[in-house]
Amino acid sequence: MSLSRRQESLRGLILPVAILLAWQVLAWRASTPLFPGPWQVTLSIWKFYPQIVGQIGYTLMRAASGFLVAAALMIPLGILLGRLKTVGAIVEPIMDMLATLPPPAVIPVVMLFAGTGDAAKISIIAYAAAVPLLMNTYEASKTLHPMANLVARSLRFSRLETMLRIDLPASLPMIATGLRLAVASALLVSVTAEMLLATNGIGVFIQRQQENFQIANGLAAIAFISIVGLIINNLVFQLEKRWLFWHYRSSDTHGNG
Amino acid sequence: MAMDVVLSAQGLTKTYGAGKDALQVLGGISFAVNRGEFVSVVGPSGCGKTTLLFAIAGLQGVTSGTVTFNGRPVTAPPKGVAVVFQDYSRSLFPWKNNRDNVAFGMARIQGLSAAQKRDKAQEMLDAVGLAGFADKYPWQLSGGMQQRVAIARGLASQSELLLLDEPLAAVDAQTRADMQDLLLDLAIRFKQTCVLVTHDVEEAVYMADRVVVLTRRPTVVDHEIVIELGKKRDQITTREDPRFLAARHDVMTSIRGQRAHAPASAA
Amino acid sequence: MAMDVVLSAQGLTKTYGAGKDALQVLGGISFAVNRGEFVSVVGPSGCGKTTLLFAIAGLQGVTSGTVTFNGRPVTAPPKGVAVVFQDYSRSLFPWKNNRDNVAFGMARIQGLSAAQKRDKAQEMLDAVGLAGFADKYPWQLSGGMQQRVAIARGLASQSELLLLDEPLAAVDAQTRADMQDLLLDLAIRFKQTCVLVTHDVEEAVYMADRVVVLTRRPTVVDHEIVIELGKKRDQITTREDPRFLAARHDVMTSIRGQRAHAPASAA
Amino acid sequence: AENTKLRFAYLLADSDLPILVAQKNGDFAKAGLDVELTEVQGGPAVVAAIASGSADVGYASPVPPINARLNGINVKMVMALGHEVDPDKKFSWLVASSASGITDLAGLKGKKVAVNANGSLCVLTLADQIAKVGLKIDDVQQVVLPFPQQEAALEQGAIDATCTVNPFYASLSKNKAIGAKVLAEGVLADEREPVLNDVIFATDDYVASNGPALKTFGKVLFDTRQKLLADRSAMEAAAVEFLGLTPEAAKDFTLPVVKRELTITEAEVQVLLDAMKRADMLTQDMSAKDMVANMAP
Amino acid sequence: MDGFSAFALLLRFRALVSFLIIVAVWQLVAALGLAPEKYFPGIPAIVSGFLGMVANGELAAAEWRTLLRAMLGLAGASLLGVGLAILSDISPAFRRGFAPIAALIQPIPPAAVVPMAVFMLGLGPKLYAFIIILVTVWPPYFNGVAALASVSDIQIRSGQMLGLSRWQILRQIKLPAAMPEIFAGIRYASTISLIAVVVAEMLAGHDGLGFLLVRKAFAIRIPEVYALMFVCAANGLVLNAIVNAARWQLAGWHLRMTGQPA
């Protein structure tokens, strides 16, 4: 059993290794500094990691703040809109419209009201992270099985109670997916916002390297972002295992034990 | 028992869908339930018993007619009414363990601390024979066990009016008998009024002070049979009582009679 | 009927969970079913009937023991076995209308065109009394109607072995009788072997050539009672037949007897 | 005969107006060139377009091609499109808002100054100008902000000063709410000799094998530019059409032309290299020798 | 029931209504003078900027390109995302290998890889496809993986009983059951595919709305910049209408079951 698990995880390594190899081969064949391979990137990481780690701190702080603001506002809002179906239906298109505004186009507007400091960047990050959270929460809560609602009503739960005690837990699986997407979105926009208006952060580092054609250094920084993404993702996964086991329970009962 | 009417339904009709998809389910149902009374409702599958119960509970509107509970018209779930749903597996929350699912039934009871509610929930689980399963989750239980958790939740609320939609359909004969007695016992102890939907004619008669027999769609009340067996019932003696047998026969014939009238259409 | 064994279970044990959460459900169940036989299984709620049926169907592994179907060990769902699940409301597909849900039961039948399958599905729906509901969706039906759709799907597959897990728990007495006769009729017509889990002792006896009585957890076979009533049954005469009454009595006592042995523990 | 293909990548700026006009009028085609224009955002993108083979020839400020060369991307500057020179032919400015209280270059210390991109001509401008008063680039807070957003940022106080070019300079210098104070003019502090502002460049390979095409391209470009310089109304019309200026803004429009010819010299580039060295944009001394291959007609 | 019909009307034209709400809020902020008018013009100025771009035809051309790219990108990314989710569902080895890759790639800002991507893919459609897919596959993928993993075991067993192959179970049971959740992902993907197209056009494009946006910004035509932003927003509605139509086709049962307005 444990052997086959090891084999499984070894097989899981095939794909990443294959991708890295393919990338390296492509890079060799391209033979230009604009297209470095994993090897050059590794060298860059070795050279720049103190600087990168220092800068990524700013980026993460902003990403985390934006993400938290978004989560605190959007999960309740999504559940609320899902419950007040008619209001939700009317507000839905507004959500669709605001969600499609590209952050680089929004930045100038945000800047008008929030300046170029951290406040502006955090608002933009929050805005970007809000979309997947709101959409997944809203979809989950508006499409709950009708039975859950009947039970809530028969227990004479107020709307608020129903949202808190039934809609929220029942929507958690989809919210968790929304969280994953939002985390990535927050990181991504945090970096992008830095590239567009910033004085520090990993985005600035990347941009500076790129505009100086040090693509490998830029990729080294990106690798760090990716790893942060991976770590956060695993964290979410752990939380899911802890809090959502009831949702994925079927995985251990079906099939032949 | 004073003849004061707790619940009354007047001319309830309900049509699902519209246009060519329209399906009239309730065709004008009227009946009343007195305080402390135990009323069984029987009727063919799909005739609208669940629909009727939902209307009484204020969970779903009707097309016409009114329901009053303690004299006030019901438009939303009123205080003092609890429901045990037919779809037990979906009515339990998979993210709560069984104890918490039962404690959920007491969510609106004032003056009980969380710990007290949990104790009470444990007590109810003991009563339905699931003492050892409080920490398990509903999806770790068999169908009949889930159904008993649902009953425990309904009982935990100690509501004035308890609506039970085929609450014992998934349990074995022996457990069923035990649960019947438990329900009767608690109903008397807490002076609850109960409406029980069941397919088991014996059960309908055994439990009830009155049996309401429904027709097929569009459903109306076909017949009401008063069961003169007193409040005290016993699995052996009651079931052998000639009045029980007579009442059972009555209900049976009344159901069969309907069938004779409309044999062709779908049940 | 030749005594050739279609299905046999040998020493099945099943433990859910592990460590301190472990719960042994099956304690070593052995029994066999012959071709064309109709076997009823009764046992207390939560004793492991569904677990047993899943093991037979190859849907869930056991901790030890083997199941063989037509002489071959069952490790995955074998061809020629159909199941009507206890959790009917969840086993129907909400994205298919009822006709398509039933037609789905014929998914693996070769040599039938899609149109033929639909016709056949319609026929099955007619047989279970849901002629007018073919175009509706399962969630537009009452509990009992859903259960009948599930039965129709099981029957449509015309499998060699049909496993029924409390298939009639949610229908009224009259429909239940009709469905019982339908099941018996089709089983004979299509030479099906059937295993029926039920809580209704009368039903168990009425339907079966043999009744298997299970004990409580850890469950073993307590008793097997052969019903000597011949293949032809009738709702009135069979139920009045002294052999029927005797068999029913037997089963009842056997169930009661278990209870006497273990009164304290949860059912 | 078949026209020679020339794929041209550029970022939209005043200097390449003649190219756009020539293309519109079909002058390239008449000269036997099949020019395909690709507009991209920013100098590094022009370099990337060329290095990737998406384009043959590019237009940008001199900093991106210099940086490219330094990093192993073999491009050469082949023509000069614009210069600055003392005293009044100046096309970049360092400007502070009155609210910032900055009155001279020394006042920039510790302040927020916008530049349009990293490694851009603007960074060089800032570094070279403040070096006059003994400041280093790290003594100011650089904020990367695209030109269009700088005016609002100045007015809102989000930044204290900025490095700007036209038409943005024209717009913000008229904005009373900003009360723009010009701190310095020109890319370099010392512009007694013309300083290179805009260049055309191509890969070494392309230069080696397509000399004639480049020369033809330069010829058409030169002729068109002369025509525009001679005809003010045509110039304004072109500015409205291609740069999207409003007709009023176009009235102030000028091409940054100091030298009539398109000729580029190593000396011009060396001046910039030295300035970049002073500004710490280069780590070592560099020679302009490999960076220039004059292809002007 | 006068109130009811007014409500129904509101629901029917909710897209228009919400657009008007946004316009109204905008105008309110502009009228209150919270930001200088030059940078935050009122609706009339934006409308005239819009009409100007309509009149000279540049808007229609840009809009059509951007929308087409977004639609193609969305379709491609959705198919790919769902395809990857399906692969992850049928092959645990693939899931183990791909999950970390997904987690690694997902937070990479497209702006950061554009220079490298331009080198590999040039400035043409391949670049757009790459950028759009890089950011747009994840919602259908993650929602798909989660939804496929949580299909009711009773339903899967029903399929197993009929002797359906894994593939048939996937196609006939898991996918339909997962469809509602997958569509929630596609819906989010539709918004980011538009964003990705516009950003790609801004970074490395030579036509389309994003390009026009930058161009107008560099020409200091602020009302037109905002007019373009409103067009971007309206595109969100268009794309969502398309997604919703597909959803009614593929998961209409779910909308009806949960009683949602059409």
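A, B, C, D and E are the chain letters, set down in written order, and residue numbers restart from 1 in every chain.
In the analysis below, a contact is a pair of C-beta atoms (placed from the backbone, for glycine too) under 8 Å apart; a residue touches a chain by one contact, two chains touch by 3 or more.
Bear in mind the structure is a predicted one, so any value in this text is a computation, not a measurement.
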### Contacts common to chain A and chain C (chain labels)
B, E
### Task
Would you mind telling me which chain pair, A-E or A-D, is linked by more contacting C-beta pairs?
A-E
### Query
Considering chain B as a copy of chain C, what rotation angle in degrees (nearest 5) results from a C-alpha superposition of the former onto the latter?
180
### Query
If you average the CA atoms of chain A and of chain B, how far apart do the two points sit, in angstrom?
48
### Task
Compute the distance, rounded to whole Å, between the mean C-alpha positions of chain C and chain D.
83
### Message
What's the distance between the Cα centroids of chain B and chain C, rounded to whole Å?
### Response
27
## Note on the structure
Going by residue number, chain C touches two or more other chains at 58-59, 76, 87, 90, 139
### Task
Going through chain D residue by residue, note those that touch at least 2 other chains and give them in order.
44, 48, 51-52, 146, 148-149, 152
### Query
Listing for chain A: what residues touch at least two other chains?
32, 34, 108, 112, 145-146, 195, 207, 210, 213, 247, 253-254
### Task
Quick one: which bits of chain A touch chain B in the complex? Just the residue numbers, please.
145, 147-148, 150-151, 153-157, 161, 165-166, 169-170, 172, 246-247, 249
### Query
For chain E, which residues are in contact with chain C within the complex?
152, 154-155, 157-158, 160-164, 168, 172-173, 176-177, 179, 251, 253-254, 256-257
#### Entry: chain C residues within the chain E interface of the complex
54, 57-59, 76-79, 81-83, 85, 87, 90-91, 93-96, 104-105, 107-108, 137, 139, 157
### Parts of chain A lying in touch with chain D, wherever the complex brings them together
32-34, 107-108, 111-112, 115-117, 195-199, 204, 207-208, 210-214
### Query
For chain D, which residues are in contact with chain E within the complex?
9, 12, 38-41, 44-45, 48-49, 51-55, 146-149, 151-152, 155, 167-168, 171, 175, 177, 243-246, 249
